[in-house]
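Here it is, the structure, as structure tokens.
Labels for the chains are A, B, C and D, by order of writing; each one numbers its residues from 1.
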Amino acid sequence: MDKTWDCPAAAVADIPDGASVMIGGFGGSGAPIELIHALIDRGPRDLTVINNNAGNGRIGIAAMIDAGMVRKIICSFPKSKDPRAFTAAYLAGRIELELVPQGTLAERIRAGGAGIPAFYTPTSFGTELAAGKPTAEFDGRGYVQERWLKADYALVKAETADRHGNLVYRKAGRNFGPLMCMAAAATVVQATRIVEPGAIDPEHVVTPGLFVDRVVAVPDARQEEDLNIEGAVYA
Amino acid sequence: MSDIANIKLSNAQIAWRAAQDIEDGSYVNLGIGFPEMVARYQVAGRKAIYHTENGILDFGPAPAPGQEDWDLINAGKKAVTLNPGAAFFHHADSFAMVRGGHLDVAILGAFEVAENGDLANWSVGKDGVPAVGGAMDLVHGAKRVAVITDHVTKTGAPKLVERCSLPLTGVGCVTRVYTSLAVVDIEGGRFVLREKLAAISLGDLQAVTGATLNLDGPVADLIVPEL
Amino acid sequence: MDKTWDCPAAAVADIPDGASVMIGGFGGSGAPIELIHALIDRGPRDLTVINNNAGNGRIGIAAMIDAGMVRKIICSFPKSKDPRAFTAAYLAGRIELELVPQGTLAERIRAGGAGIPAFYTPTSFGTELAAGKPTAEFDGRGYVQERWLKADYALVKAETADRHGNLVYRKAGRNFGPLMCMAAAATVVQATRIVEPGAIDPEHVVTPGLFVDRVVAVPDARQEEDLNIEGAVYA
Amino acid sequence: MSDIANIKLSNAQIAWRAAQDIEDGSYVNLGIGFPEMVARYQVAGRKAIYHTENGILDFGPAPAPGQEDWDLINAGKKAVTLNPGAAFFHHADSFAMVRGGHLDVAILGAFEVAENGDLANWSVGKDGVPAVGGAMDLVHGAKRVAVITDHVTKTGAPKLVERCSLPLTGVGCVTRVYTSLAVVDIEGGRFVLREKLAAISLGDLQAVTGATLNLDGPVADLIVPEL
């Protein structure tokens, strides 16, 4: 029961062409940059990426798009300070976009992790984002039926992990991480610190280890926004 | 009509006016961009707790330049600080707060608001890259959904309309609109004028509004400080 | 923004006849005994109680039943070491029972708090507890549609609360508490300790204060199981 | 047939046999009552992490008498302890683990198990107080749902049957049954006998089983230590 892996490269080495990959983060907060870059190093193609956004600058998910690895993005907000990678690919028809309201995206991922195949939400009712989806009325109000969202892999950034995969996050870097850990067949976590089981107070665990498959230490993890301010480029 | 540009409220003044209606003890979500400005004008002596979709309750203003922690940001991806009593949570819990009706008020921007309460604020149509973020969730859930907006577009077209022409964010969700010229409630599928700038006549205001402004009692002067 | 109330009696004083009341706890762990007893002191009638169980011994929910305050119980497991109060009332037809599988009960309460009017679950599919409920097939498997569950009030026990209502719990006393806080129109929390805002680490908050309306300090709170071992009787 | 009472495994021995199939690194839920006994026979050198519905992962055995903390209990409301690496969580998260397929195995008791995998273990019918707890959730979710049970009821009636007569807990959910006489898999709507006590003949075993015991390869001797 030791889920630690040696390095990001090893932890993402089996992600094949065509995989669906949830990637934690909201903008730069919680973005698992080192795992993403390890994945680009390998370069599987035809990926479906699930993230709140669609990349910023020339690192992370933007660099995945630039590398031509991404067939489809499921996200709520494919805009950023420097969205050129996604924008160019999208406008050229090289990438498919499934636009999902942010709360619906979060709830679909949670549903995937919680064994709830479908649920009803008021969000998007009566809008074009509900087109083609079943609707129903409850207590006189209209709702849209949304389906769960699962993935083959999740790449998530945590602050501290123990060897059993229990996780705590850092500030608003938590965002989609706990949900994606639940919803992927294989969850890969980069943690700034890996500790022995018992070192995280059981009351403070945010993601119980049962949702986590692989943990890799990245003690010098960089923050995506900091990298973008520096003008970093994946290479 | 050329007066409007001269008499209209600044964005700061619109934000100030919206802030006056936030009651003590309210949980508030401010849409990204212009609505974020409302927090600057929080009424002294009242405590509002701000929620951001990305998982913080009770965040405070931006830190001093150079002090940014980019893991501590709001939905607009701007660096923020924490107030005592803040909490972090994940995205599903965050939108449980939104969708579950736990916010007292959400204040959003608008491309168009219709007299039936429909709001369009996420897409200008088919071109470019569409992006929706949390807007469609916010319009369903907050006990009160208010809009702050210029009264007309940059080209002078009405933003308060009979029916939205742009893709909807939500159906029948807006209950009050704070514009650069007036405060308008939406009640029973109609615009009801509550306040207007003294400097504009009712006729001139109606002329730049795309649907009937109904009256239901006296119309107060919209009075806002210099900011 | 100070949600503290003086005493349990004041905090539950407005709960009227006919109210629906969620009560936290799994067996004795997390049972808000002092709030329950304050409610019995007042004695509103015709209540609908939502709890995992249906009382144990002659205190807490069992004492509510003995006092004739409970018209209906929604629960998963109305059995306990000493279930005489519920058993007698149920067999005499004096109390209505809505039996809900435990995970469905938890998810229905969460759904109530999260604005999800209905969801599908595999739980109870093909059993008599699904009788009369809509069913649907997703990806070849049968599911039951379940509705959200809300309440007028929730009575919850926390370990520490701050004045804004942020909560942390104690061990497995957490159970239904965080869900019920979300799903009730008015949430009343008894906390062993009330602290100033900021005293709970924002990373450790389990229930954010937005879900909590009233907090009352019960520094000498008793554990239901301990009371039952002592043979305590509400009086 | 009167031999059965003499040769059959004790509950402890059935639990021991079930424990042998729990692989290293498994997440396991043990139903309340008899199934809790499986944890005692965890195979040395293998780590199993036990989940309890009321919100603990990686709890350990009961504390010494007098050391009980009644806020630290399992689903059977018995006092437990924590192992290093334990975590607390609320009920919705707990059942997300169950329903979401995150448990490797759930081991439950049974009134009846049918050859189609149906399980009845929560209600003996219309009389008395019904109680379901987490059983209906557990049977949908765990990757493997196993049953431990006496092979027959106290009155000698078969518990392995063609179709359950009691109210169902779940449809087609059980994949393996550990009984006091045998280990039986459920595959393709049939019972397949994998192991039986050497002391009972196939014919005698079939005689106390309510549905056909199919053979698919050799039947191993069910060998269990004295406990």
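Rule of thumb we're sticking to: a contact is a pair of C-beta atoms (placed from the backbone, for glycine too) under 8 Å apart; a residue touches a chain by one contact, two chains touch by 3 or more.
On a predicted model such as this, the values are computed, not experimentally measured, just so you know.
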item: Intersection of the contact lists for chain A and chain D; value: C
item: Chain pair, C-D or B-C, that carries the greater number of C-beta contacts; value: C-D
item: Computed distance of Cα centres, chain C from chain A, in Å; value: 34
item: Centroid spacing, where centroids are CA-atom means, of chain C and chain D in whole angstrom; value: 30
item: Distance from the mean Cα position of chain D to that of chain B, given in whole angstrom; value: 57
item: Chain B-chain C separation of Cα centroids, rounded to whole Å; value: 36
item: Overlap residues in chain C, where contacts from two or more other chains coincide; value: 107, 110, 114-116, 121-122, 169, 171, 202-203
item: For chain D, residues contacting two or more additional chains; value: 56, 88-89, 92, 95, 98-99, 140-141
item: All pairs of touching chains, each written as two labels joined by a dash; value: A-B, A-C, A-D, B-C, C-D
item: Chain D-facing residues of chain C, complex; value: 26-30, 52, 76-81, 83, 86-87, 90-91, 97, 99-107, 109-110, 121-129, 142, 169-179, 206, 223-226
item: Interface residues, chain D side, partner chain A - complex; value: 24-25, 27, 47, 49, 51, 56-58, 82-89, 92-93, 95-103, 140-141
item: Complex contact set, residues of chain C against chain B; value: 1, 110, 112-116, 162-164, 166, 182, 196-198, 202-203, 205, 208-211
item: Footprint of chain C on chain A - complex, ascending; value: 107, 111, 114-122, 136, 138-139, 141, 143, 147, 168-169, 171, 202-204
item: Complex contact set, residues of chain B against chain A; value: 52-56, 69-73, 77, 88-92, 94-95, 98-99, 128-137, 140-141, 167-171
